[in-house]
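By written order: A, B, C, D, E, F, G, H, I and J. Residues from 1 in each chain.
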Amino acid sequence: ASLIPRLPASSPTLFEAKKQKNLSFEAIAKELGRDEVAVAALFYGQAQASPEDIKKLSRVLDIPAETLESQLAGFPDRGRTMEMPPKEPLIYRLFEVIQNYGYAYKAVLNEKFGDGIMSAISFSTKIEKETDEKGEWAVITLRGKWLPYSRF
Amino acid sequence: ASLIPRLPASSPTLFEAKKQKNLSFEAIAKELGRDEVAVAALFYGQAQASPEDIKKLSRVLDIPAETLESQLAGFPDRGRTMEMPPKEPLIYRLFEVIQNYGYAYKAVLNEKFGDGIMSAISFSTKIEKETDEKGEWAVITLRGKWLPYSRF
Amino acid sequence: ASLIPRLPASSPTLFEAKKQKNLSFEAIAKELGRDEVAVAALFYGQAQASPEDIKKLSRVLDIPAETLESQLAGFPDRGRTMEMPPKEPLIYRLFEVIQNYGYAYKAVLNEKFGDGIMSAISFSTKIEKETDEKGEWAVITLRGKWLPYSRF
Amino acid sequence: ASLIPRLPASSPTLFEAKKQKNLSFEAIAKELGRDEVAVAALFYGQAQASPEDIKKLSRVLDIPAETLESQLAGFPDRGRTMEMPPKEPLIYRLFEVIQNYGYAYKAVLNEKFGDGIMSAISFSTKIEKETDEKGEWAVITLRGKWLPYSRF
Amino acid sequence: ASLIPRLPASSPTLFEAKKQKNLSFEAIAKELGRDEVAVAALFYGQAQASPEDIKKLSRVLDIPAETLESQLAGFPDRGRTMEMPPKEPLIYRLFEVIQNYGYAYKAVLNEKFGDGIMSAISFSTKIEKETDEKGEWAVITLRGKWLPYSRF
Amino acid sequence: ASLIPRLPASSPTLFEAKKQKNLSFEAIAKELGRDEVAVAALFYGQAQASPEDIKKLSRVLDIPAETLESQLAGFPDRGRTMEMPPKEPLIYRLFEVIQNYGYAYKAVLNEKFGDGIMSAISFSTKIEKETDEKGEWAVITLRGKWLPYSRF
Amino acid sequence: ASLIPRLPASSPTLFEAKKQKNLSFEAIAKELGRDEVAVAALFYGQAQASPEDIKKLSRVLDIPAETLESQLAGFPDRGRTMEMPPKEPLIYRLFEVIQNYGYAYKAVLNEKFGDGIMSAISFSTKIEKETDEKGEWAVITLRGKWLPYSRF
Amino acid sequence: ASLIPRLPASSPTLFEAKKQKNLSFEAIAKELGRDEVAVAALFYGQAQASPEDIKKLSRVLDIPAETLESQLAGFPDRGRTMEMPPKEPLIYRLFEVIQNYGYAYKAVLNEKFGDGIMSAISFSTKIEKETDEKGEWAVITLRGKWLPYSRF
Amino acid sequence: ASLIPRLPASSPTLFEAKKQKNLSFEAIAKELGRDEVAVAALFYGQAQASPEDIKKLSRVLDIPAETLESQLAGFPDRGRTMEMPPKEPLIYRLFEVIQNYGYAYKAVLNEKFGDGIMSAISFSTKIEKETDEKGEWAVITLRGKWLPYSRF
Amino acid sequence: ASLIPRLPASSPTLFEAKKQKNLSFEAIAKELGRDEVAVAALFYGQAQASPEDIKKLSRVLDIPAETLESQLAGFPDRGRTMEMPPKEPLIYRLFEVIQNYGYAYKAVLNEKFGDGIMSAISFSTKIEKETDEKGEWAVITLRGKWLPYSRF
């Protein structure tokens, strides 16, 4: 709802159609050959759609290709969906993980890889569900290329 | 350095000894039977040490047990190591992942689990290193219990 | 009034109908078998409506079921009603309680339960009115599951 | 640790002695005839100690009365222990309750009591522990006098 | 002008009519039997109108009673007119008084009344004009009930 | 306590002596021929002491005149005692009055005086205590010169 | 452009007409017998127009007098054109002058005038252009009444 | 006082000596052949001292040349004396001038000079005192080189 | 998309036409005899268009000259496209360079040029692409006039 | 001066020795075979020193190798030297370049390279001085690897 003014024009188009078609991100992702988090990110304007993606989205969601082409044209203007710190409880929990474990991650990563960073660009992420006797568990994996600082 | 005023008294004690002994978090973690991220978090005052942990830390780091007991007594006052948004480039990359993919994570998690959150308390995390022909990759895994909202 | 841009589309629909029907949250809550705070939260987009809730809301408020279904579909995007610190005097008083007693709550909760948190998800809350010779008293109860930190 | 610069001089004195004596807030509260949250608040400089409280604290904690009298003299300068939003996960959960349910509380309170606020001054609070088959539950009660807005 | 999006629907209605009728707050206040500051606050959505007030406002301002009833229904959502610190020079001067004299007020009030606060709810305020040889003086009076902290 | 780093060197000197002498601001104010709020402001470094004030303060508080002269020399650097919004509940109530009634004050003042401001410099303020059958009331008066905007 | 939502209704009217008539602020100022900065301020809603000003503006800009009277009626709600710190480079330079020289101004003003402030209300300002062999120079003059702090 | 942690080491040295010698900025400025605002800026670490300045300051203030040379060595790290918005009333008035008249200055400067800025580096400023029958007036002049935007 | 409310009216006109014509900034820049970064800045309202530029833009983009003249008239109101810190990952990387290397730049520039600044007004910038065996490299050059601080 | 609390322990050691030896960053850079900006960054704790760097710094600056080894051990904790936006005028100009040209850079970079970022890690930068008849020019070059977003 009130998130909409922060989103690109393509977002209501895509969400509307998804709801109409009653499709999950998982189902759409399968069609596109992409991960479901990447597809959700694409819906929120946080990932780029390739011409092939657009064609498939048009077909699976029954949206005229020209509409999608026009609304998904250009390069994503990322980072606009959220105000930080996030107020949404689910997203705050992820933020809190970084807030609490940030320096621990840095310490272990530096020890394992040296001086550098884990890329958020040369990067992928996924979500899995595990179930055991204690209940359900969400497992989020972040995988990024290690980039050492250039010496200059 | 300038992080120190934000840290509890135990932090310089532990880091100093680790440097003196030239031990990695991995090595200390093995001694404690804990994950290396948890151990680094403990060093930064973001995780609690059990009496058993204190005994082992005292032995492996050659710190008098009373010193550790006194400095690690009480419950961690978490969240003090960082100002958000983080300025440290490595930690900023993790923050950026949440900023960019936050709503995508929420959308997929809600779709997979329903209305709720992934706990950051009933939670564990780890770091792995992968190497392929493109270079080195850092893989961070977050695993949290799924908590559905209570109906009331 | 000016709160409206922060609220989901369902909010004006629900509030409008409630006013028309001249019903209290207490009355609606009784119909839904939920607590009145939960119902008010639902009106502000802070709680999820079950299909059963939607059916009952439609009947008691005389709103077409399709309208409600469409506007209440999806998962709540919580946390958007307020800017913190709150400027509304009534809500500020609650905020001030946390600001002043936050560490006292933590100290007593840690002492009673160990290292962990009181869940705000596996959680319920209610409001009661008490009257004595000194006047009227509002009593707010927060009840949350205790979640101990995982050891990892 | 790093909370200390925000606390009055009395706080380290009191916490140190409590640790030495190995007393719980509950035990001290019983001695003072006050609630344990009030006592913890007093330790953090968020509540005033009466002369009688000081005498009892001196006895039960073995602190010279003059020290306590001097350090607890004057009126509390409340609100200094915390930066808001809180970063401590336990306290954040309480903050989140206000953030998410603030307008729901206001709506229900206004409906029940009219135009006014729940006092945070003419106010008391307590913590209880409940246990059932699902685990442990923390129950926090806030009780404040209802103050209607003056008409002028 | 640009203040309008922050105001409730009743504000433009009331201000428009006041301008049309060319009435001062003083004149309207006399009709309502209220203070002119209270009436101005009511125009800005910061005070509640009683049914009697609405009837009188309708008559003196020539606004249909149903319009006013509908727009002034419900409880005020106070605090929305301003961003703090205020940028408006007149209002900033009042803010500056609190910023500079805040602790002096606290010190004198605590000394005169003990540990507590001056209520901003059980409260009234007024403005007077004085003229002497040096020019004109504005005199603002704040009068609030003293609320001592509860002992618990 | 933790307010001290924000205060000038003269503040601890003055407060210490006042406590030693067990004098109220009222008593000191009488000696100086000033208002008690002005004296408290002087203690917090928010008002200037005249040479005559210094002489009298030295005598009534038994502080060597040279100490006071040296510590109170120079012009006050006002505005440093507080972070806004104030967290102290007593001071917050005053801030809230400005936040809620700011535009009402402006509207009434403009109507009474024209385009201008109430000076916070050519200004005085005082606190009075009233008692009636409902309890005690604090009355704060702000009196400032009206300054019309220059036409240029 | 995007400044417009922050401006009063009169601003687009005035700017539009000025552009149409192709008049400089200097030319309009001459007509009004005011300084050109004051006229520009009036265009941005930062200064009040007298009835005489409105008549002249109506004539020189060819705007119906009623339109202007209605849009310029009431008292300016100053301070709304800008977010501070300013992002506009030209305005930032002025802001930077205050940021860098603020305490130097205070030190010299206090030395020259005693304890007080330079009024921004009983105040005028102007811009002049000087040219020498090094190029063009902008000269901004601020002239304000000195207001000594009242002793009370 | 509490400004000191923000100032360079040279500031207390210089202010202390100035107080000891009882010299005005005007007097020191005459010795240095600089403007008194520039000298005050130098005292606050906001302007660079030439070797000649240092020699003269050493002589007129009776400070060992080596002390001054060592403390005034290096390039000023400007902008550290103030938090913006300023809380000091005198400095706030200057800030308010920019806040209220910023866009008016821009409009007139652009009209007079074209697209560019007034330099705050190739810049000088001075303070003058005028007295007339209405009282004392402070006149601050800002003079900066006009820099047109490069076309590229 | 959601950037649009921050942009001047000319921006959608220009971007729309560019997309229609399928022209790169490089191609347009060649037509205008300007750098492509300057042209992109002009599209975002961050640079001024000369009458000649407008004529050429009109021709190359097939936009009526009057439309462009009207929308590009006046002086740019720079700095409105972005909130800082930037959330867009590409722009954040540039921001991070300043955050991390800011003092290093200052230290080296002061050493090379003395006390002053690199102008951002008398300034040009360009982007080049380099390719080597490691991949593609972006090279951004900033070239600004050195402005020494005036002595006054 | 007041920057020091933000810097690591190595910074005063290095700057002190550099001043003592009267060496430029250029001279030190030549010894280390690194760029002078990198060396200045190393002095501010923003770049890592290799063991070889430490050996050479020890020799050229006459600092005991153990001191340097101990103070430069570990991985830099970058980003701590600055508060953003920067108040230092020289650094603000660089910040302003990003603020004004950020979206122009993004537009041109995306057009030239596709969807991705310029790395600030796999990155180098340098400063050059150019002199022409108009005066001196500072030229800053940023060179970073282009990283395309991974498709996932």
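As a convention for this text, contacts are C-beta pairs under 8 Å (C-beta built on N, C-alpha and C of every residue); 3 or more make two chains touch, one makes a residue touch a chain.
Keep in mind that this is a model prediction, so the values were computed, not measured.
**Student:** Among the remaining chains, which ones contact both chain F and chain I?
**Tutor:** Where chain F and chain I share a partner, that partner set is G, H.
**Student:** Could you check which of C-E, A-J or H-J has the same interface as F-G, with more than half of the contact pairs identical by residue number?
**Tutor:** A-J
**Student:** For the two copies chain H and chain J, what is the rotation angle that overlays their Cα atoms, in steps of 5 degrees?
**Tutor:** 70
**Student:** Just the number, please: Cα centre separation of chain C and chain I in whole Å.
**Tutor:** 48
**Student:** Report the inter-centroid distance (CA atoms only) between chain C and chain F in whole Å.
**Tutor:** About 41 Å, centre to centre.
**Student:** Would you mind pulling out the distance in Å between where the CA atoms of chain D average out and where those of chain I do?
**Tutor:** 54
**Student:** If a residue has to touch 2 or more other chains to count, which residues of chain J qualify?
**Tutor:** Counting only residues that touch two or more other chains, chain J contributes 3, 37-38, 78-79, 82, 85-89, 92, 96, 99-100, 106, 110, 116-117, 119-121, 123, 125.
**Student:** For this structure, give each pair of chains that are touching.
**Tutor:** A-B, A-C, A-D, A-I, A-J, B-C, B-D, B-I, B-J, C-D, C-E, C-F, D-E, D-F, E-F, E-G, E-H, F-G, F-H, G-H, G-I, G-J, H-I, H-J, I-J
**Student:** Going by the contact rule set out above, which residues of chain E touch chain F in the complex?
**Tutor:** Residues 3, 24-26, 36-38, 40-41, 43-44, 46, 78-79, 81-82, 84-86, 88-91, 93-113, 116-120, 123, 125, 127, 129-130, 134-146.
**Student:** Show which residues of chain F lie in contact with chain G when the two form their complex.
**Tutor:** Against chain G, the touching part of chain F is residues 34-35, 37-38, 47-48, 50, 75-76, 106, 110, 115-117, 119, 121-126, 147-152.
**Student:** What residues of chain D sit close enough to touch chain B in their complex?
**Tutor:** Per the touch definition, chain D meets chain B at residues 1-3, 19, 86-89, 92.
**Student:** Name, in rising order, each residue of chain B that touches chain I in their complex.
**Tutor:** 85, 87, 89, 92, 96, 99-100
**Student:** Taking the complex as given, what residues does chain G use to touch chain E?
**Tutor:** Touching chain E from chain G are residues 5-10, 45, 73-74, 77-80, 82, 120-121.
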